[in-house]
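The same chain A turns up in both complexes below, where it pairs with chain B and then with chain C.
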Partner chain A sequence: MYKHHLLSVITIIACAFLFIPLLLIIITSFNSADTISIPLDGFSLSWFGKVFASRSLVSSLRTSLLLALLASCIGLVVGLMCAIAITRKPGKFSSFCLDLFLSPSLIPGIVIGYVLFLFLVVRLKMKLDYALILGHVLVVLPYSVRILSSGLKECDETIEEAAMTLGCNRIQAFVKVVLPDLKPAFLSAFMLSFINSFNNIPVSMYLKGPGKNTLPYAMMNYIEYNYDPTVSALSVMLMGLTLVFMVIIDRVTGTGKGSRA
Partner chain B sequence: MSYGELRDIEVSYDKKNLILKDLNLDIRKGELLSLLGPSGCGKTTTLRVIAGLMDTAAGSFVLDGQDMTHVPVHKRGFGVVFQSYALFPHLSVRDNIAFGLSMRKLDKKETDRKVEKMADICGIREYLERFPKQLSGGQRQRVALSRALVIEPKLLLLDEPLSNLDAQLRIQMRTTIKKIQQELGITTVFVTHDQEECFSISDRVAIMDKGIIMQCDSPEAIYRKPVNEMIARFVGFKNFYPAASYRAMGAQVSGDGLCCIRPSDITIRKGGGETVEVRTYLGNSYQYEVSATCGSMTVSSTLDPPLEVGEKVTLSPQTEKVVILGA
Partner chain C sequence: MFLLLPLALVCLFCLLPLILSLVPTFTKPVFGLSHYVAFFKDSFNRIIFQRSLRISLITTIICILVGLPTSYYVSLLGEKKRRLLNSLILFPLLTNAVVRGFAWISILGKNGLLNQLFLSLHLTEEPVKLLYTEGAIIVGSVYLFLPVMISTLSSVMERIGMETVEAAYSLGAPPVVAFFRIVVPLSFSGVLVAGVMVFAGTISAYTTPTLLGGSQNMMLSTLLYQQSNTLADWDAASLIAFLMMLLSLGMMKLFNVLASKIDQRGTEHV
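And now, the complex of A and B:
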């Protein structure tokens, strides 16, 4: 009995710790006062309007979304190829490669950003936009490699052979039979990639180039000079977006599961 | 006469050790041919060679006058049922069965007709809209069978299709498979390690060990006249002794090869020089271990009342039932 009490107390504290800051941000975003403050002065939606009035926030949001989308898609394609190679030819070399592909998640982002800046931009004179995308691909690659290779491992290899006996060549068999089976893995890999790219500051910091900002960076800049609830309002919108995102994914993989159960 | 021929097939995984050595096998039209043997004997490998899922190091495979050796698996048009069934989890039963037909670009109406007809034959008509996860093992088995059969394959290949089913369902499914096979008159190669299963439904059985086919014949012929000791033991022969020992017991066998006989083909009479050592009750008969001059003989008999342990008896093996191995 005592144990259960303790457990619920800990749970409540943990939840409070997680959610109260979020709640505060939501509350402050509707505050009519000029600074981020509690208690509320009055109700206002003006800060949401101000988000869209700010050129730097809007353009950085666009940059970040586009960057996250591109990096995640490239990451998924490259990750899928890695995952296929690693799972279909298991061995010492494959597990070494797996470790290698996962290593970007272990190296501090600030180091990756710095090294890429030196190598790609200074050394190879690559355009900053491309370097930024490449850097983000590196950031997201471990997620897709890990998730897709475990998805592939779970997938019964004989279904590929079965498809081949029924008239598919290797590629058709993969596309028609294995890929649909990987759908949940793809979605979670995409989601994790997207969020990680979207959140990334250290790699972007080195590679974003002058005049171009990613959203987290722009938000940091903004708050440095303006202590008003615009950033709160933006955060609320981002939370809302994430929520929608998660509901959609849950629906898609959820119905997938329902039809398989 | 033969419909399919495997000639001098060699398979090796690592280019050193051969999994299959000089394998020759004839497949007759419309028959159910079984590959029987312990695990690791190369029977599944043979099946995969026939299916085209495995490359050969040497040899050829001809089917119906057509050289299939280098035809890729997706162009062979054989139906294969895998041990794990390998149903496509994201497709309904109907779409699973229709898969091969859609690859052949058959129109919708014709596809539906064929799928439904095959589902009727295999007894899964009412499950067409379900998904594989919602089916029991036996039902999945039938779906896999329908999927392989609906493309009207030249050859049906079954890789231990019954090994994942429970004992009762197994017997039921093997009868179903035999029935469908006969109904459609489809040439079938069946891989199994279960002797009873194999003998009960096969027209011919190829017994394999260590990558070699040791005997390929009808179940009756194998049962009557096994060619070596391993097969003889496999089909229930006992009492392996040299021909001379049998001659000493009064059987007219010639030569000096190894001979054997089933326990039930030895006549046992009271009185004589041999002694009953052990008696085991088998239900409709008794089995006796008798110490004879050549060693211990296993004999079964329906003698009533049964013999007692320690009783003196005479054994006389029936000459025509003695099998001389390697002859």
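And now, the complex of A and C:
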């Protein structure tokens, strides 16, 4: 009853603006014509086949998946250490550290990429592969720190103490009692880290070596020289991946809240 | 003890490189702002700097104008609808920036869908130049950051609570008046915070200006990449990097302080 029709009009426009472009990509990816056009000439799945026929796209997809996996795992381990240290000893220093760990997410990505390139590659002559992984760990660290530390804060410390009075040592108590409770936080931290590393361009474009490409950058190159629905088809697949991740995150955090309540 | 490794990682590989590359722009060869003065004397640089500011500002304003009513509307919906709409709005946020840029290329391009539509309706004789303009960058940036604006403001709306709005209604305020006299002032600090996030994001984005702006419409981020990667001019690149840090981090700090000041004033009134 508090709704005004102007309000609904703006909301509908906003939602249309957000979804129509993605919808158009999905529709045109099934077009049999070799340009991006509507109405469709006919239905075809050939552009999806074209994605896998392109060697540069497939090899960059492999690079991106591996990189995202590695960076997210390292990020989770480092992030867990940060989260434990910060939540177990709250204080001024801890909140300062939290700000510090979250800071890479505030600095423009292209600046991070550039200064890492200048420092690690130009100055320290570090191997590009390591520099690339390191850069991505910095990109994903804020996500795992934020999610894991808020997950740890919600954990009941008395349960851990109870486990210790029942004969567990510190490490056993942590592994047997706290870690299982952190599972939803772990999963959503991993998913968000993975997506953000996978989608990252500014850091990758400075630190990827010659001849090595991450998928987003390979897509950018492809778009520069070709204008056909291959990228639409690839985009549809990536959207599918995003959707799967979102559903998993939703399930995990949803059930996590349910069991606690 | 657990802090040591992460601290070392962030300090060594994030702060130290930043300091080492950005401080020399003030100290080498002589201490002072001489590099910056020279940078802004060049009209080419000045145009890019102004363009970056202009595009980010317009993007922020559009995001606020569209995002504020939308998030208010979403907050009025029932639990189930609200959750669905929220995750729908989040979806583009998690989609690759190249995919989102590509979507707009295929819409705005010379043979793009919009031009196809115009031609078939005989609105124009020749394709209109929509892509590779500042307008295209703005559209792409709004597309990039509108979800950020809406999702940030949605949590602000939840905190406001609808009791005050209900009170306004029961006292006879029409919806428009209630929106502008209750919702807008109460969410103002949230709008500032979200707005500066959009501003900083737009000014730091690289993919969108590259894909939609082309080489004629460079922004600071594309200039930084050109200086460092194509020309290997580290001095110029570091200078631009510092300007970008100043514009994004500096503005964020400033506006967050401003927002918390406003919040305090609000509680004092109560």
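A few points about this structure:
Methods note: the second predicted complex is superposed on the first by the 236 of 261 C-alpha atoms of A that agree within 3 Å, B and C clash if a C-alpha of one lies under 4 Å from a C-alpha of the other, contacts with A are read in each partner's own complex, and residues count from 1 in each chain.
Assume a contact is a pair of C-beta atoms (placed from the backbone, for glycine too) under 8 Å apart; a residue touches a chain by one contact, two chains touch by 3 or more.
Computed from a predicted structure; not experimentally measured.
Of the two partner chains placed around the shared chain by superposition, chain B is the only one that A:177 touches, whereas chain C remains out of contact.
When the shared chain is aligned, chain C comes close enough to touch A:220, but chain B does not.
In the superposition on chain A, A:162 makes contact with chain B only, while chain C stays out of contact range. Judged by the touch definition given at the top, the superposed model places A:22 against chain C, while chain B stays out of reach.
By the document's definition of touching, of the two partners only chain C reaches A:106; chain B does not. Once the two structures are superposed, chain B and chain C can be ranked by residues of chain A touched, with C on top.
By the touch criterion defined above, A:246 lies against chain C but remains apart from chain B after alignment on the C-alpha atoms of chain A. Common to the chain B and chain C interfaces on chain A is no residue. Residues 1-3, 5-7, 9-11, 13-18, 20-22, 66-67, 69-70, 72-74, 76, 85, 87-92, 94-100, 102-107, 109, 111-113, 116, 142-143, 146-147, 150, 162, 165-166, 169, 175-176, 178-179, 200, 203-204, 206-207, 210-211, 221, 224-225, 228-229, 234, 237-238, 241, 244-245, 248-249, 252 of chain C touch chain A in their complex. For chain A in complex with chain C, the residues that touch the partner chain are 1-4, 6-8, 10-11, 13-15, 17-19, 21-22, 24-25, 28, 35-38, 78-79, 81-82, 84-86, 97, 100-101, 103-104, 106-112, 114-120, 122-123, 134, 137-138, 141, 195, 198-199, 201-202, 205-206, 216, 219-220, 223, 227, 231-232, 235, 238-239, 242-243, 245-246, 250.
Partner chain A is touched in their complex by these residues of chain B: 51, 53, 72-80, 82-84, 86-90, 99-100, 103-104, 131, 133-134, 147-148, 151. Of all residues in chain A, those touching chain B in their complex are 156, 158-159, 161-169, 172-173, 177, 180-181, 183, 256, 259-261.
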